[in-house]
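This is the structure I want to talk about, given as structure tokens.
Just so it is clear, A, B and C label the chains in written order, and each chain counts residues from 1 on its own.
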């Protein structure tokens, strides 16, 4: 049943790579990188999560250096951001929506690939989350920013939800296209709710910090 | 003889993961990360070194995403830090002692695992050090700090000592429990001596720096 | 034909590791790291690109932790920088020339190794570039600087050129020593031209940035 989803998985991945690569390009432009930096950061943001996933589950070389369709999608997104970044900035709201879509498809497709590689369920769930947030984390670390995913906003949590849905469904041998789409919609909806309602993960209590 | 040590290795790893994850949680709280960030940084600090080790020796998926006991230990340490960080800060001195214990067990168990994978002796020694210092290095890089291990204090040096003891003992086919414990105590003692006596690795000479 | 080049590949790698490790040592000294930090950063700069390459193509353990000749070259470069950094600084111009040589040999030897592992041509080309620029990127990220390779100057572009030459020659079954040397000279010449003529990759247009 899973194999029948391989076209679906490619489609999901292409969308995710493209929108994440846009975010990487925007961060690069703001950090005043040059054309090489913009394309590299688009590639890192779009394909870094999948590359960490593939290295962790032992599927080398990872798609980020082997699948020319995904690499092309990331490069095109980088070039678009480079050429048109003022316009891309102007649609920042749309980019946030697209980013939520990218988060959704990456969490789901990452968990699906891990399941396909027969790793333990807990591993597949964690790998799904890493696929979804790893690219953005690398993107931020490379330009010297504390990763957005660790600072505020519910970002990793919806990814974990979707990842768990996939793993449980696979466990129950019920990983149908319907379940896959439901998981994608779930992640997207929770993430958009967090954006719209400005939901954040709890912060540690401030203390009369002596340092 | 080594296989008989697998329980010992798990025990060492659990202790090391827990105390290193506490350090990750503290760094995250100080960097004002949210709950997700605190748990992620606890996981990175506690399991990052072991994940680099496993990727380098080709044992995928690495324990950091596959061994639920170690992952649970890291998460619990993260949650404890999140909830009780003022108290954890107050016992900073104890945390330093625990951290020395973590360094000791990670260097030793990292080198033991590398030996078990039949890598060359020099590789096993280096991999032991990477296991011990890699998590802290990733922890610091993610929050944008120059890694403490590279700046001052003897930290990597005791790890290298313990790692070499394990490798040499394995070479001589004498890797008994006694040797393992002696190596752990050696790393711990040298590290604590460095803390107490404020021993540092040499610094480069300052120059009339023109920059 | 490729196998006959294995001595050549080792020679290229030794040169590349040594000069890149010098650059790592210099960055470490400027960032006020201690002796451990200087040696670690020399090792990261000299062997990090090759380690990423090996992990990506699945050749573990990577040469950066298994080939004692390369590790020794990196350590010696680190110790030399630590002891003699004012003099190394004074020959900064020469170091830039050597760095161009390192870039050339790493791009070529990285692509050659990837070809040897029978990865797809596009993968081999990208892996060659990663081999050449990965160590410098890790070096800069660890000390909290935005990687030089992403900011300005033509650095990745000549590496890509040389990498593509190797991949195309291998495709045409024409990967002779002559082609290898021609590729090395090409990368070196383009990089030196970029340094001398101060050629840069294009920058994104500044905008009346509203943020």
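As a working rule, contacts are C-beta pairs under 8 Å (C-beta built on N, C-alpha and C of every residue); 3 or more make two chains touch, one makes a residue touch a chain.
What you are looking at is a predicted structure, and each value in this text was computed from that prediction instead of being measured.
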Overall pattern in which the protein chains touch one another (line/ring/star/complete/other): complete
Equivalent-chain rotation between chain C and chain B, CA atoms, steps of 5 degrees: 120
Cα-centroid distance, chain A relative to chain C, in whole angstrom: 29
Residues of chain B touching at least two other chains: 55, 58, 141, 144
Contact footprint of chain B on chain A as seen in their complex: 55-58, 119-120, 122-123, 126-127, 130, 137, 141, 144-147, 149-152, 154-157, 200-205, 207, 210-211
Chain B partner contacts - residues on chain C that touch it in the complex: 28-38, 40-41, 51, 55, 58, 60-62, 65-66, 68, 71, 82, 85-86, 89, 141-144
